[in-house]
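Each of the next two complexes has chain A plus one other chain: chain B in the first, chain C in the second.
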Partner chain A sequence: MSLLDVQKLMLYYKTSRGTLRAVDGVSFSLGKGETLGLVGESGSGKSSTAIAIMRLLPRNVELYDGRILLNGVDISKLSEKDFREKIRWKKISMVPQGAMSSFNPVLKIGFQVAEPLMVHQNMRKPETLKKVRELFKLVGMPPDYVDRYPHELSGGMRQRAAIAMALILNPDIVILDEPTSALDVSIQAQIMNLLKNLKKELGLSMIFITHDIALASDICDKIGVMYAGQIVELSSSENVLLNPRHPYTQKLIASIPRLREEKMPEFIPGAPPDLVSPPSGCRFHPRCPYSDGMKCVKEEPEMIEVEDDHFVKCWLHSGGSK
Partner chain B sequence: MGLKRALTLKAASLVVVLLFVLLLTTIIIGATGISDKILNGMVQDNLRAIRQELAREIRNPEDLERALEKIKEDLIRSYGLDKPWYVRMPDMIWRIVTLDLGNSRTVVSFSGSNKISDIILERLPNTVLLMITVLIINFALSLMIGVRVATKPGSFLDRLISMYSAVSYALPTWWLGILMILVFAFYLKIFPFGGMYSTPPPVDPLVRSLDLVWHLCLPVLTLVIATSGSWIYITRSIVITTAQEDFVSIARAKGLSERIVLWRYIIRPAAPPILTNLILSLAAYLGGAILTETIFSWPGMGLLYFEAIMSVDEALILALTYMYTLIYVIARFVLEVLYVIVDPRVRYA
Partner chain C sequence: MRDSLLELQEVRTYFYVRKGLFKTLAVKAVDGVSLSINRGETVAIVGESGSGKSTLGRTALKLVEPTSGKIIFEGKDITNLSSEDLKWFRRKAQMIFQDPYTSLNPFMTIKQIIEEPLVVHGFDAREREERVIKALEDVRLLPPETFLSKYPHMLSGGQRQRVGIARCLVLEPVFIVADEPVSMIDASSRVEILLLMRSLQGKYGIGMMYITHDIATTKYFSDKIAVMYAGKLLEIGPSQRILKEPLHPYTVALIDAVPDPDPHNRFRLRRVVTGEPPSPLNPPSGCRFHPRCPYSDGMKCVKEEPEMIEVDMNRKVACHYIEKIAGK
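For the complex of A and B:
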């Protein structure tokens, strides 16, 4: 049994132009100690997937549906209060996108990291701060940073603190939403190494959200490629990177610039679709070089297993048009 | 340590503001000849009084004129009128700084003194009472209503409050004041037309304070209606902006209750920008208070200001300008101190 099992997750937003289908039937599973990468362009629904799993719904939600099984228990059925007290941060925690804005600017870092201990485990402040100091050492921060305010920390240090905060209750799963995109490359490497160490030492299960497929391959066991609110290809990192089957994944990998190579990186023609009125049939068909203009336009392909544990959502592999 | 340094810097900059206003006022009064006019007026007043006294002793008109001429020269010299205004200026500034504000020509204090410092000290508490009452009501309203509508932007209540804010912002205080008097004092006869106490004032302390509250209602209501709109709206928009910050969703993800999220992660970090807006609106608020006092004949400094301007009592105008600057500077300093306490980011800047 896998640790986390997400089935047909949907999250639609109400906008002035109509319903925006940010997450549209996303399914995946995550085993203990595994890291799943969710990769895709901006607006492909990666962050909305994270929001949906944590049930941090904004006010304009139109539809929120699907099953989320944690250790076999459907947590999407829990009441708001139970979900808050039993799941959030205790079972699933997260490291947010912006290293700059993940902390309240007027409260000390140590307090904010320790806060879940006080709220969920009724521990007293001095005890919790002791624990925070230990945790700071683990993530490579000077322990006396507990008395600092967020603005007194560099971006890299702040992100380390955010990771420490995510680990404070020993959660089963940590969701990392572009944890390094606001950092410069050398700091990014430090944070990635830290995450890899934590994964090894603590046996952490992670969902790693990024637009950078190369970065994802560095740490993830599995990668799910997202396009227009759906996962279009899901397999092990090796399979996705070395043997991509979906045309979008192929294009995405071809667009990575490489050092010391004459070849210009390719680009994907067209723009990501408008999720208020997504294309009919396969959502990638307007930009896809293999589109047959018939079935691809009319019918939505199913997710099929093209080889062992390698799923692709494309008519090319469904024995359909070609 | 950073705290102390930041506060010292703020205090120093405000003292500079105070001195600058003082300098500007004296330059304007000096360069436009108003200062000469004030002093000449005083000389003439003095001469008229002396002439009547001397006329009883010196019968010969020529001797009298000669004696008066000499006294006039003495007076001119003692007032410094023989020297240009910029030479007199430092002395003038020094006297104001030490609150030796001179005498008023037209106004006497309730106890009969015409020393300007006496007059102002008598009226200062009345002004402070009015302003603090309005301040507390505005603060409570913006926290209660502003935060409440910010949690449901776009709702009916929110649109209603936004509309009220626009109307409130557009209403001139003086016009609203006249309207309030017309409706509540003239037609409905619920509240008095103005003043601080009924005539004759009640003797019993309890009745007296109730009478004061009754008289306070209309001016306070006027000022609150005319200023609370922008307070509420500013609070609303800052709370909405803060509520969208990442750290708020992280706080929710941490499993904190909505109450903690609201107070610790939305209102608390929203406090510094709200304070900034209060600091910026302080001057307009003082101006509104002056007009309100005038309309409701509230015996405070604002009404005094109006009286001084209408009777061209230059010394009093100058003194009041200085006093209002002083109030502004003190209020502003209090807000700045609060700001430094509320926002750790400015302590080390």
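For the complex of A and C:
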């Protein structure tokens, strides 16, 4: 049994233009100690998948559906009170996108990182700060930074603090939403090494959200490629990166400028679709070089297991055209 | 040798900030940069945040005044020209901005946005229309007529950035500063925009300064790379040479930091430089990279600032131990 099993997750938002289908039938599983990468362009539903799992829903939700099994128990059916007390941050925590710039500027960083301990475990401040100091050491921060204010820390250090905050209740799963995208490249490499060490030392399970499939290769055991609110390819990093089967994955990998290979990067013509009125059939068909203009336009392909543990949502592999 | 379009000589741009009542501190954003850009050539300025790369671009366009040094454009010294005397330069030099979401006025149509520079420079309505259509064709927003009356929110990020490029092209510039033009664009469209810029530059013989934090994008889209750190250039030379054989330890680190999509990456730690980029308010003494450099000797590197030394044709590096490092 996997640690986390997400089945047919849906999250639709109500907007002035109509229903926006941000997450539309996303399924995946995550094993203990495993890191799953959710890779996709902006608007592909990566972050919405994260907030759906954390149940951090905005007010304009129109539909929130699907099953989220944690150790076999469906946590999506828990009451809000139970979810808050037993699951959120205790079992599954998160480093939201831009976390490093969302610290309260007038409170010391140590107190902010310690807050979950006071709220969830009724610990008193001196004890919590001791725990925070230990955690700071673990994430590569000088322990005396607990007494600093956010503006006294660099971006890299604030990001480490945000990671410490996600780890403070010893969760089983941490969701990291673009944890390095606002950082300088040299600091990004430092944070990736930190995450690798945490994964090894703590046996942490992670969901790593990024738009950069090359960065995903740096930590992920499995990769799910998202397009227009759906996962279109899901398998081990080896399969997805070395033997991609969905045309979108193939094109996405070909679009990375390589420094160590002589290969002109490519691009995908067109733009990601509007999720208020996504294309019919396969959502990638308007940009896909293999679209047959018939079945691809009309019918939505199912997720097919093309080889052991390698899933692809494409008519090329579903006994459709060609 | 091709003729030089823009030449920066020992340019320094300082900003002054008040600290307390009586003290003023200088932020040395650009601190002695020399560089030349030829017609039809793209020079990539690569650096991390706070390296001064954007300030360098704005100084080259005279959007901020340099504190010292010279800016020579088409053989004329424009360093001290007043804005009145600069009007001809403003027509020839343009900028592409980073954020296609905030750099286009949401209340203006695409036509109004692109023709605004033409209105400012006094073109008549017929010529404006012609030039707008041509610019839209150049950036491949086709057919151009269908875009004229649209508003920015109706376009995708990539299309918006093309509007930004069209606006920059209508005055037929010979020099363009592109400040992180693709960092806000989706990965699948980035290469499309870079290819477009490259082809337009070749077509019109434009000299371009391409400012980026992402050294990977310079490979196919620049002729020269200048690596900037804490207000100074550390290395400059032909792109292919620098990427294949970087000499300065910082350039090596920048290239190391770009991962290839290789599933084996996850089993090994990346080689990293420790520490963080310095504050431009208080840059390190000597070589500005010394606190993070694995080769620092703790003596000369800390005390003496290395000069830019020509190591071979068109290639310069600022490092005391370059021979030792390059030799190993």
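Here, the second predicted complex is superposed on the first by the 317 of 322 C-alpha atoms of A that agree within 3 Å, B and C clash if a C-alpha of one lies under 4 Å from a C-alpha of the other, contacts with A are read in each partner's own complex, and residues count from 1 in each chain.
Here is the rule we go by: a residue touches a chain if its C-beta (ideal position, glycine included) is under 8 Å from a C-beta of that chain, and two chains touch if they have at least 3 such contacts.
All of these numbers come straight from a predicted model, not from anything done at the bench.
A.B. asks: For the three-chain model obtained by superposing on chain A, do chain B and chain C clash or fit?
C.D. replies: Here chain B and chain C can both sit on chain A without a clash.
A.B. asks: Pick one for A:His120: touches chain B only (first), chain C only (second), both, or neither.
C.D. replies: Once the two structures are laid over each other on A, A:His120 reaches chain B alone.
A.B. asks: Considering only the touch criterion stated at the top, classify A:Ser29 as touching first (chain B), second (chain C), both, or neither.
C.D. replies: In the superposed model, A:Ser29 contacts neither chain B nor chain C.
A.B. asks: Does the superposition put A:Met264 against chain B (first), chain C (second), both, or neither?
C.D. replies: Second partner only.
A.B. asks: To the nearest 10 degrees, what angle do the lines from the C-alpha centre of chain A to those of chain B and chain C enclose?
C.D. replies: Computed from the C-alpha centres, it is 70 degrees.
A.B. asks: So, A:Ser237: does it touch chain B (first), chain C (second), both, or neither?
C.D. replies: The second partner, chain C, only.
A.B. asks: Considering only the touch criterion stated at the top, classify A:Arg84 as touching first (chain B), second (chain C), both, or neither.
C.D. replies: first
A.B. asks: Tell me which partner touches more residues of chain A in the superposed arrangement, chain B or chain C.
C.D. replies: The partner making contact with more of chain A's residues is C.
A.B. asks: Which partner chains sit in contact with A:Gln97 here, chain B, chain C, both or neither? Use first/second/both/neither.
C.D. replies: The first partner, chain B, only.
A.B. asks: By how many Å are the closest C-alpha atoms of chain B and chain C apart after the superposition?
C.D. replies: 7
A.B. asks: Spell out the part of chain B that touches chain A in their complex, as residue ranges.
C.D. replies: On the chain B side, the touching residues are 245-247, 249-257, 260, 264-265, 268-269, 271-272, 342-345, 348.
A.B. asks: Can you list the residues on chain C that touch chain A in the complex?
C.D. replies: Against chain A, chain C makes touches at 48-49, 156-159, 186-192, 195, 213-217, 219-220, 243, 253-263, 265-266, 269-274, 276-277, 292.
A.B. asks: In the complex of these two chains, what residues of chain A are touching chain C?
C.D. replies: Where chain A meets chain C, its residues are 35, 41-42, 154, 156, 184-190, 192-193, 196-197, 211-221, 236-238, 241-242, 251-253, 255-261, 264-269, 271-272.
A.B. asks: Inside the complex, what are the residues of chain A that reach chain B?
C.D. replies: Against chain B, chain A makes touches at 51, 54, 56, 84-85, 87-90, 93-94, 96-98, 101-107, 115-116, 119-120, 149, 151-152, 165.
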